[in-house]
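Each structure below appears as structure tokens.
Next come two complexes, and both contain subunit A; in the first it sits with subunit B, in the second with subunit C.
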Partner chain A sequence: MSTPDGVQESRAAWRLGIITPRRKRIFFGLLVVLGLVLPYLVYPVFLMNVLCMALFASAFNLLLGYTGLLSFGHAAFLGTAGYVTGWLLRSVGLPVELGVLAGTAVATVLGWAIGALAIRRSGIYFAMITLGFAQMIYFLAVQLPFTGGEDGLQGIPQGKALGFVPLHNPYALYYFVFAIFALGFAVIYRTIHSPFGHVLRSIRENEARALSLGYDVERYKLVAFVISAGLAGLAGSTKALVLQFVTLTDVHWHKSGEVVLMTLLGGMGTVMGPSVGALLVVAMENYLTGFGDWVTVIVGTVFVAGVLAFRRGIVGEALHLARNFPF
Partner chain B sequence: MTAPTATGDGLILETRHLTKDFRGFVAVSDVSLRVRRGTIHALIGPNGAGKTTVFNLLTKFLPPSSGAILYKGEDITHERPAEVARKGMIRSFQVSAVFPNLTVLENVRVALQRRLGTSFHFWKSDHTLQVLHGRALELLEAVDLAGHRDTVAVELPYGRKRALEIATTLALDPEMLLLDEPTQGMGHEDVGRVVELIRRVAADRTVLMVEHNLSVVADLCHTITVLQRGSILAEGPYAEVSRNPQVLEAYIGVAE
Partner chain C sequence: MQALFGQLLVGLINGSFYALLSLGLSIIFGLVNVVNFAHGAMYMTGAFFAWIGLSSLGIGYWPSLLLSPLAVGLLGVAVERTMLRRLYQLDNLYGLLFTFGLTLIVEGLFHHQYGNSGNSFPVPEALQGGSNLGFMYLPRYRAWVVLVSVAVCFASWFVIERTKLGAYLRAGTENPKLLQAFGVNVPLMMTLTFGFGVALAGFAGVMAAPIYQVTPSMGSGLIIVVFAVVVIGGMGSILGSIVTGIGLGLVEGLTKYLYPQAASTVVFAIMAVVLLIRPAGLFGREK
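Let's look at the complex of A and B:
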């Protein structure tokens, strides 16, 4: 796989001093402040939806952008975790934190199982194996009794965070979700910028060379896959909590495609790209519901236009612009 | 230099009847190679002779169809490639193998990083890698690349990329280096630099190299193995091999 341009742009931005540690701190500080006040300006459920999908796409980007692996089955992790969390909260009555943790844990284990087989192949074969497994998960979701089949799992109780904060209050729920997102995002950010992340980058850049330097590339890919699956699961569990339902759409291959789309649109291999892509796609799906089935067409058109006009993704292009007009 | 001895002592690498069959096409046929510790050993032969395939077999990038590979007396025929690398046998590639979008410093650092034992630590900051910068710069110094530490590898001219590749290989302090056409595509000046570099690093290491440039081979290598259509045609010191009529016919015919 050739190196995605967003990667080159964000590296150049660091090198040229467009991104500096100080600017980075200011930027993330502003984001946190924005995240804290935003629910008073924008409909919180919409924001929470964006946060869930942003986490999902960022987890996906860890594989696509930083390891060079295109998974086409990531909905399996999102959906499975959602079902597990939903069922545990509704039918078992677990506390919400445990429900979310359990969903994440199951997605992590599932990631291990699927990843262990998928990483033996690369390129299109890897994508097809992940898709194949995701289709099996979809089949299970249709067949198993506890998922509610076509109806999905409805009426998931939100319970109380830490045993006393009632999460049916949209603001309380929002801050709970925001905290989860921040945590998941921090894990991804750290992973990218860790010794492990540097090995991943070398694998993406030149797998044979990484191997010849003594790195067991398959084991590194597997760990990346498991982290990515686990965090996709965290996004799915959180989403189940926010929407109070999980349906077959969460495990459908459309969702696996959507996360590819969000990541490419925002800029793969950039830290912020997937979140920007998620914001855009969720906003379109949300505000264009009046167009019915045409939403898919509109989103598709925006995607085609976006990728044609911004080859590097939105964030990649922004960094590229900043490179030519330094500030 | 004397010809390789028949005893096991002094050998760092040995292959026994190594054969590679690509669906009926025998690219490497019954190759028994003996590389003595501390020598520079050349593998030469016309294009398509199977030299790169031999490298791929030795480093386990390809499984052999039959035969055995012994490294430091140990049978590594069924080892995994990363494991072979960790045992100290590091290869380079015929086409330059840098990490294109990493900086020059980062290229070398990736190789150094493994020894910290933190390469799976996804929870640690990459600031912990800075302890490697001193050593990385030393290695870059040795190939005159220290001044380019922050250049992205893809932007280096070809000859400099190959130098970076050698520095990266040396970062692992390998006991044995396999270099696949290290001077290919280089200008005269770069060739001289690389030859000197190989001579220097070979002082306390073993080098097995594929090389087309016969003057480099004559100048640098103790032993030469000539491969033709997958089989060994001749083996010995340059003076001897270069007089072999079969070699003259097969090799010079192509070289002209």
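Let's look at the complex of A and C:
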């Protein structure tokens, strides 16, 4: 794959001094403050939904934006982790933290299995293979007894975090979810900015050259896939806790497409892009619920328009604007 | 025994559709370098055009068999001319994403207009009934579907491998720039190829209408299986995609007889095995 358009904008922004390490620290500091205050201004459940999807999309972006691998089956990890966490909390009665950890662990193992097979082909085949395996997971979710089939898993208990924080309180739950998001986001941020992340980018830019320089490209791809799947699983487990239900829509191919849309809209290959895209898509779906079937049509139209004319994404466009109006 | 042959026949029918769709997918991918996610949506559109033609315009099965693919093909040509061609110079994953968005639009529109319940399309009079072969009962329409699919597949193979037009197509697949330098209108060829590929999907849709329920989601589940078929067979060879498509349909039918729970996942399991032992696909030639 070639360099995503948003990445070129962010490189230019660094070069021109629009982004500096100091500005970056201030920006993230403000974000944390905003994240802590926001539940008192906006409906917390909506915010938690955005945070879960933002983590999901950021994890996905590690593959598409930074490694150049289009996984078209990431819903498999989100949904599987959600089902596992939901079942463990509801039917086994595990503590919240263990339930979330177990869901994440299962998604990580699943990511290792699917990833190891999918990286045997590259390019567009990789997308088709991940889509195929995700569909297999979907059919398993339809048939297996513990998923509740068409009804899904309902009434997942939220329990108490650390044994004493009651998570049925929306504010307590919000800060719990915010902490998980911050943790997941930090893992992704560190991965991107580590030497490992630079090798991933070199694979995206020129796989043959990375290979000829002696990097075990397949191994790097697999590790990136496993990290991405695991964090997508963390997002899915958290989402199950927030909404208290998991249904087949969480493993459906629409969901896999949705995360691509978030990343594309926000700006693939940028740190903040997927989160911005997640906010936009979740908000859009929230406000459009009254339109029924038109939601799919509108989402499709946004998708087509984004691919045709908006490949930098919002973050890429913002950086492009900042380049022309430096401050 | 009856049940086994019955399931094998169903498998053969499904396999014929896999073959028709993966053939169109391979032809488009070969020249246009786009993996057409909307192939399933075009198949569904073909079926719906036939159904709408019958229920509101009184157009029967036989004219529909020609008109509906033509309409779908024109739709494809319009999409290619106005939008898809802007993506050719980019990485081919954008083509996949574009056609994915297109799928959502097309499915959403049909869903909005016709709901999610199935619409049945009657079998044309000339093909009603069937014959008892002793070991199984063979409905005439199903025999027709298998015969026509195989005939269409082999006709496509013949055109591509044995005629001058096909030689241009193969040359374009190998090196479009060189072909254009020889004075062949490659952009037009790409448009027509895309149109032909999706028309093939529309044709499969009309053929499928009397067998399956006509619903807005009939194509998307199918296209994902067809992608797996393409991964298993490899997109390199036309005969390969025909053989793989029909073969996997039969395996699916056999699984439905032996262990019905695994019928929907067996193709993906085979995909996993093929990736382990022969990553390029059974008939693949790349790398």
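We adopt the following convention: the second predicted complex is superposed on the first by the 319 of 327 C-alpha atoms of A that agree within 3 Å, B and C clash if a C-alpha of one lies under 4 Å from a C-alpha of the other, contacts with A are read in each partner's own complex, and residues count from 1 in each chain.
Everything below uses one rule, namely that contacts are C-beta pairs under 8 Å (C-beta built on N, C-alpha and C of every residue); 3 or more make two chains touch, one makes a residue touch a chain.
Predicted, not measured: the structure shown is a model, and the values here were computed from it.
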item	value
Which superposed partner A:Arg23 touches (first subunit B, second subunit C, both, neither)	neither
Superposition-derived comparison: subunit B or subunit C, residues of subunit A touched	C
Subunit B versus subunit C as contact partner of A:Tyr215, first or second or both or neither	first
Which of subunit B and subunit C A:Met128 touches, first, second, both or neither	second
Subunit B versus subunit C as contact partner of A:Val299, first or second or both or neither	second
First (subunit B), second (subunit C), both or neither touched by A:Leu70	second
Which of subunit B and subunit C A:Arg11 touches, first, second, both or neither	first
Interfacial residue positions of subunit C with respect to subunit A in the complex	29, 35, 83, 86-87, 90-94, 96-98, 100-109, 111-112, 220-221, 224-225, 227-228, 230-231, 261, 264-265, 267-269, 271-272, 275-276, 279-280
For the subunit B and subunit A complex, residues of the former touching the latter	59, 61, 80-82, 85-86, 90-93, 97-103, 106, 109-111, 113-114, 116, 118-126, 128-129, 150, 152, 168, 172
Contacting residues of subunit A [partner subunit B, same complex]	3, 7-8, 11-12, 15, 190-191, 193-199, 201-202, 205-206, 208-217, 219-220, 223, 227
Contact footprint of subunit C on subunit A as seen in their complex	1-2, 70, 72, 117-118, 120-121, 123-125, 127-129, 131-133, 135-136, 139-140, 142-143, 253-254, 257, 260, 264, 292-297, 299-304, 306-308, 311
